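Shown next, in structure tokens, is the structure this report addresses.
A, B, C, D, E and F label the chains in the order they appear, each numbered from 1.
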Amino acid sequence: MTKTTEKNNVTLTNHEKKLTKKLFWRNMFLGFNMSYTRQQGVAWDWVHQPVYREIYKNDEDKYWEAMKRNLEFFNTTPNMVGTVSGLAVSMEEENAKASEGSFDTAGISGMKIGLMGPLAGIGDTFFSGVWGLIIMGIAISFAKKGNLVVAALPLIALLPNLLIRWYGQKYGYKLGSKYIQKAVQDGIMTMFTKASSIVGVTVVGGMIATLVKFPIVYKTKINGTVFELQKVLDQILPNMMPLALAIVCFVLLRKNVSPVKVLLGVVVLGFALTFLGITGA
Amino acid sequence: MTKTTEKNNVTLTNHEKKLTKKLFWRNMFLGFNMSYTRQQGVAWDWVHQPVYREIYKNDEDKYWEAMKRNLEFFNTTPNMVGTVSGLAVSMEEENAKASEGSFDTAGISGMKIGLMGPLAGIGDTFFSGVWGLIIMGIAISFAKKGNLVVAALPLIALLPNLLIRWYGQKYGYKLGSKYIQKAVQDGIMTMFTKASSIVGVTVVGGMIATLVKFPIVYKTKINGTVFELQKVLDQILPNMMPLALAIVCFVLLRKNVSPVKVLLGVVVLGFALTFLGITGA
Amino acid sequence: MTKTTEKNNVTLTNHEKKLTKKLFWRNMFLGFNMSYTRQQGVAWDWVHQPVYREIYKNDEDKYWEAMKRNLEFFNTTPNMVGTVSGLAVSMEEENAKASEGSFDTAGISGMKIGLMGPLAGIGDTFFSGVWGLIIMGIAISFAKKGNLVVAALPLIALLPNLLIRWYGQKYGYKLGSKYIQKAVQDGIMTMFTKASSIVGVTVVGGMIATLVKFPIVYKTKINGTVFELQKVLDQILPNMMPLALAIVCFVLLRKNVSPVKVLLGVVVLGFALTFLGITGA
Amino acid sequence: MLLYQAFAVGLVMAFAKFINAYGSFAQLMPFISYILLALLLGESPTEALILGAAVELAFYGVMQIGAVLPQDTAVGGLLGVAFALMLHQKPAVAVTLAVPISMLAVVVWNLLKFWFTANVELFDKYIDQRNIKKFNRLWWIQVGVYELAYFSLAFFAILLGTAGVKAFVTSIPPTFLTALTVAAGMLPAVGMGMLLKFVWNISFLPFFIAGFVFAAYLKLPIMGVSILGVAFGLVMFFIDREINTVKKNKATTIQSSGNDEEDFFND
Amino acid sequence: MLLYQAFAVGLVMAFAKFINAYGSFAQLMPFISYILLALLLGESPTEALILGAAVELAFYGVMQIGAVLPQDTAVGGLLGVAFALMLHQKPAVAVTLAVPISMLAVVVWNLLKFWFTANVELFDKYIDQRNIKKFNRLWWIQVGVYELAYFSLAFFAILLGTAGVKAFVTSIPPTFLTALTVAAGMLPAVGMGMLLKFVWNISFLPFFIAGFVFAAYLKLPIMGVSILGVAFGLVMFFIDREINTVKKNKATTIQSSGNDEEDFFND
Amino acid sequence: MLLYQAFAVGLVMAFAKFINAYGSFAQLMPFISYILLALLLGESPTEALILGAAVELAFYGVMQIGAVLPQDTAVGGLLGVAFALMLHQKPAVAVTLAVPISMLAVVVWNLLKFWFTANVELFDKYIDQRNIKKFNRLWWIQVGVYELAYFSLAFFAILLGTAGVKAFVTSIPPTFLTALTVAAGMLPAVGMGMLLKFVWNISFLPFFIAGFVFAAYLKLPIMGVSILGVAFGLVMFFIDREINTVKKNKATTIQSSGNDEEDFFND
């Protein structure tokens, strides 16, 4: 258990470095071959197979037992797998070193199951939600003008993905499970998720005003003065209709109306209003 | 006591519905005939008389006793009366059903007195303060231009009033006193009042910059360069004088200078400064 | 001990007023003659000498003992000295009145040492940090245009300094140590310091965008279209380079790189980039 | 003609004072009365709205809360606008008339309330006598007298006051009118002060500042400031709720606090 | 010619679907595929980007989370842009094609995942047999089939579909195109709704409001709103941390709270 | 002439260094010294202000806190402006001179403080000897020497340095001057960094961000950002107070917390 307590000593031996790098690259494949029953379970096993081979190089039985055991259900945001992967490997090493029966491998499963949820929470929120939103927002604003600078954007955009994979794995491996699970228990994870969500919600609020278009062209004459509906709406609240539309979509989706239906509904609405001469371009 | 515990069952029987509607419309009269000694006490009695008649249709004594009892002092924001009214009626019904002496009617008075304060707090803050401010702000901006759309505004403006009257009464009647009083005790009421006040204070801050006018026209020549007082003030802080004026008014009123005096003071100030050539139009 | 408990009675006798005024003006000298070993210790003694003389006018020994005792190390933001000074004088008066041995003068030293730290915290943050920043920001914006109004600015700028000196001393003298130290213990001081710091940090954030200049003039042609670096940067984030520069300076200073080196580094950077044709005016 | 006008204004006044009490509807709809006024007087509703806007601006923020009625803005507003409308005067004139009238009219309400208070004794007696008829009769008599009082007030003000007001108004020198306009522009400060006094707590200062900065510097319009204010109020509400939860020492984690209040919001 | 084009689009599709899974890279870089597409098809990358921007805008906010894949935006986007690019059509046309295709394409993924699920049994068996070779072979076969499936999908869509699409596109009446543009402009609302649904909590409402006000009233651009959002998130994070500390009843003072978490931030 | 100028600058310097210590007044009023300088030198105060503004901008945020004096901005500023004023040079030249001088001048203060430290022994002795006269005499001698030192520094710098500075300044090539202007524009970043270092705490990051966004995107001027900063500071102060109350486990409700601190604010 020395490793898990030597918190400050996070430098790796040469051999560990090689193993770490290999694991880092193989973990990129976690998103492949997902099944309904095990999700990323098979992928986890394929990813870690050479590492298990290495760890249990002296014990054929334990190696196959590990392969069997790790084929279990697993599912998290692939970008977040690093931490779990690092931790799991460090625990398998303990198991390899431990005398027969003195290490309960159920702990490894427990850790995987315990962490994959919170990590998926923060991961999906941050990567699919917030970060993707911001980067795509910028990318689209460049692409709209045909600006090829957009090709360089992934260099920045992928950084958090790569860094979290790399340092997650490194710290998971070196710091051990105590530290990480304490963070989860202390609510750090939920606090992060909450903070990320706030960023996301703020951005969505801004996006609705910037990206959603609901161009009303309807105008009429009342008592001789031209009445432009869009102008009246703007006086009440700018970007009022985009806001209303987004809220309606949100409410419908929250009531578990299928996204496909909502999507079709919006298209139909756009067509209907345009044919009625209310919206236009 | 079944009613007070069946929290989720808030559907009303046909007969209850009729009674509820009648009460809703009669409660509109709570603001009439206020006295210094009982405030809305007499109005409460007039409002609830047919309901008490109905409840105690089999017991003349109890009916008149209820009429006598409810003539007591009562005062709350009229818009908020629904909740108390609903609760009180549900409690009178308990009393009607209860065997002689088993229901202490002091509880009805206690509830009325206990709730009318917090409800007036949130009610005055929200209705007279925040909501009135916002709606009138918008209404004035329309009316200024002679825009008749303003006639349609009450449709939106009255909604919170009507909804709180209706649902307050309905939930008060159905959920019973426990739930409502718990909310008061838990500080929900003060939290709402605080939140409303924050909205109000923010809006007032904005209004001062938008609505209060303090147009300084004074200018002079210093060393050959024209010195416009308004411009210098704007450089320091835009809308500085309106802000200063409003703060002075606030401080005076807070020191319990009578509103009439403050009002006259402002008028005198406007005249004095204009005659001195400092302000103008 | 009557004085320290009569919290509301903060009016001073005529004699006390004279003494208070003298102390106020002498405290202005606290910043002179600082030494490495005692910092403002000698100045403290010089400042309070006439007051001690007055307090111990009947006891030569106690007077010189006080002079000796107060020559000790002392250091705080000079603008904040009032409170400590007022408190110390009120404690010396207790000592003068107390019968031999009944008053422990260590309490006076303890108070001085205990308060000088927190007061320096809030004082340096507020006066050197926040207030200086704001006032100088405004002063520079006037001075830039050669506007002589700047000469009148200190009238406002010095107010907090004078008021805190005056009322600090007055309340320190009258309220006694209990009240002040309670405030320190309750964390009011750190809360104030935190609030001041937040103002400071906000202003610095704004200042970087307003005052730091990093004018990039580099442009080139790519595929026939002119590519102006400054414009691309502005599209990503306005005032991006000033922000980056300030952050680099901050990080270096935080790593305890000497300010002089950072300063020279910035000058060298400015020259280098200008000679390379990247920046310019 | 003047008789009809007086009658018309009286009617609108009776209506306005009715909804002043009925459901507290008038709080939000003085402009309805101004439009009604214009229609009955055969004047332009547009003009009535413009006059009304000036008057309501001067009254802006004046609230009737608790026992104290600082100004009777309904009476002041209606008569001020009515005179200005009939005499085709500028908004500043409407304000000049409305403000003093609104202050004087408070007397009427005080008299009425005094009488209502005296009658409480009778209501008590009728209940003791178990006589619901008399109870209801007195109730409606009071309502009637209330309505009649304000009808008459308006009726006689127009009938007897118009000539005087006209003479007064036409004799106003131009500088005086400028001064009036300036004073009218300043008046909302009083209403703002009253509102602040009512809701003030030093811990709201930052939101006051923010509201001011957003409007003064960034030119955010009324609606925008209001919406932002709602955001501020909500943030503080949720932070307070969080702190409140801790206060009750419930051992709940931040996210999954299953306290009852949440039922109201989490759906 | 069409054969080559079909082949080219197939290749880009295989690439796009690969990075869809590999490291989740595709989440952030669909425009790389569009540029690639243009280069292979000999069309203008600028044009591809403009078409792609319209399509991605319509897909904006659509997320693949957990078990559910609401739309296969990679397939829809690439085919929509490919057709529009080859037929030199407006962005609205690309969107028209992309949206329905992205919905239909989900079927392919469901079929694949169904097959992968059936194979889990085999993986289990190979482990029991201690046969790592077969295990790896099946793994790579699955990856290969996955790639081939999407390559073929694109290949045949272009080969067999282009004529039909062309006929369809040229027959679109102008009002229809306007309607299309309007609908495309509205579509991001769906993505926004999906995102909101995923992260929503009533206590975030104020930040939603603030984001909207800053963008709608003060015209703060995307980047600015995002940065401000980060500020909001951080403020709440630090306040929560403070409250959390109290919750744990640690007798620490505000400033000097020496709890572990701080290690992460205080340097 | 030069003798008089040297004398004049010496006097202003003595004044400036006096208020540097006396009441810490100088912190806020360097421009008073620049105006004084112009008047005594018979130059335009306006020009002095413009030069001074450039110099103060370059020094912006440099603070003298605790034991360390990073730059003697008073000496640097005055001499830099004096030379530029006398030689009628651009602001950039004033900055070029002010910055290095301000760094070198720190030596003088260190020497003085060293001497003051040596004298502490004497002050101790005089007290032991109960000799208040000698105590006071040494005090004033120190003040005198301090003043004389800075007077002389300025006097000789002007007397002996002007020719050299003139020669140096006239030989500056134009690109060099551009570079100077650029560098001067960058210098406030150092002061900003110093200030940040002093007050920094990671939990303040959101406010830093907000200050930047409001200034950079919404063009809120200095004053506006400062006021908003005050609002931020207050909000956090009141939230902290609330949390603090809970921390002390006082069973008080949110609104009616009767803790002592409130006395300071609730009036």
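Criterion: contacts are C-beta pairs under 8 Å (C-beta built on N, C-alpha and C of every residue); 3 or more make two chains touch, one makes a residue touch a chain.
From a predicted model like this one, the values you see are computed outputs, not experimental measurements.
Chemist: If every chain is reduced to the average of its C-alpha atoms, which one ends up farthest from subunit C?
Modeler: Using the mean of the C-alpha atoms as each chain's centre, the farthest one from subunit C is E.
Chemist: Taking shared residue numbers divided by all residue numbers at the interface, is the value for subunit E and subunit F over half (same) or under half (different)?
Modeler: Different-residue interface.
Chemist: Across the interfaces D-F and A-E, which one involves more C-beta pairs in contact?
Modeler: Between A-E and D-F, contacts are more numerous in A-E.
Chemist: Go ahead and note the Å separation of the Cα centroids belonging to subunit B and subunit F.
Modeler: Result: the chain centres lie 53 Å from each other.
Chemist: Take the average of all CA coordinates in subunit D, do the same for subunit F, and state the distance between these two points in whole angstrom.
Modeler: The mean C-alpha positions of subunit D and subunit F differ by 54 Å.
Chemist: Between subunit A and subunit E, what distance separates the C-alpha centroids? Give it in angstrom.
Modeler: 12
Chemist: Spell out, as numbers or ranges, the residues of subunit A touching 2 or more other chains.
Modeler: 138, 187, 191, 194, 236-237
Chemist: Mind pulling the residue numbers of subunit E that touch at least two other chains?
Modeler: 201, 207, 209-210, 212-213, 217-218, 220-221, 223, 227-228, 230, 232, 234, 239-241, 243-244, 246, 254
Chemist: Which stretch or stretches of subunit E touch subunit F in the complex?
Modeler: 218, 220-221, 224, 227-228, 230-232, 234-235, 238-239, 241-243, 246, 254, 265-266
Chemist: Across the complex, what residues on subunit C touch subunit F?
Modeler: 28-29, 31-38, 41-42, 45-46, 49, 64, 67-68, 71, 77-79, 120, 124-125, 127-148, 150-151, 153-154, 157-158, 161, 165, 182-183, 186-188, 191-192, 194-215, 237-239, 242-243, 245-254, 259-260, 262-263, 266-267, 269-271, 273-275, 279-281
Chemist: Inside the complex, what are the residues of subunit F that reach subunit E?
Modeler: Touching subunit E from subunit F are residues 201-203, 205-207, 209-210, 212-213, 217-218, 239-240, 243-244, 246-247.
Chemist: So in the complex, which bits of subunit F are touching subunit C?
Modeler: It comes out as residues 20-25, 27-29, 31-32, 34-35, 45-47, 49-50, 52-53, 56-57, 60-67, 70-71, 99, 103, 113-114, 116-117, 119-120, 123-124, 127-128, 130, 132, 135-136, 139, 142-143, 146, 175, 178-190, 192-201, 204, 207-217, 220-223, 225-226, 228-230, 232-234, 236-237, 240-241, 244, 260-261.
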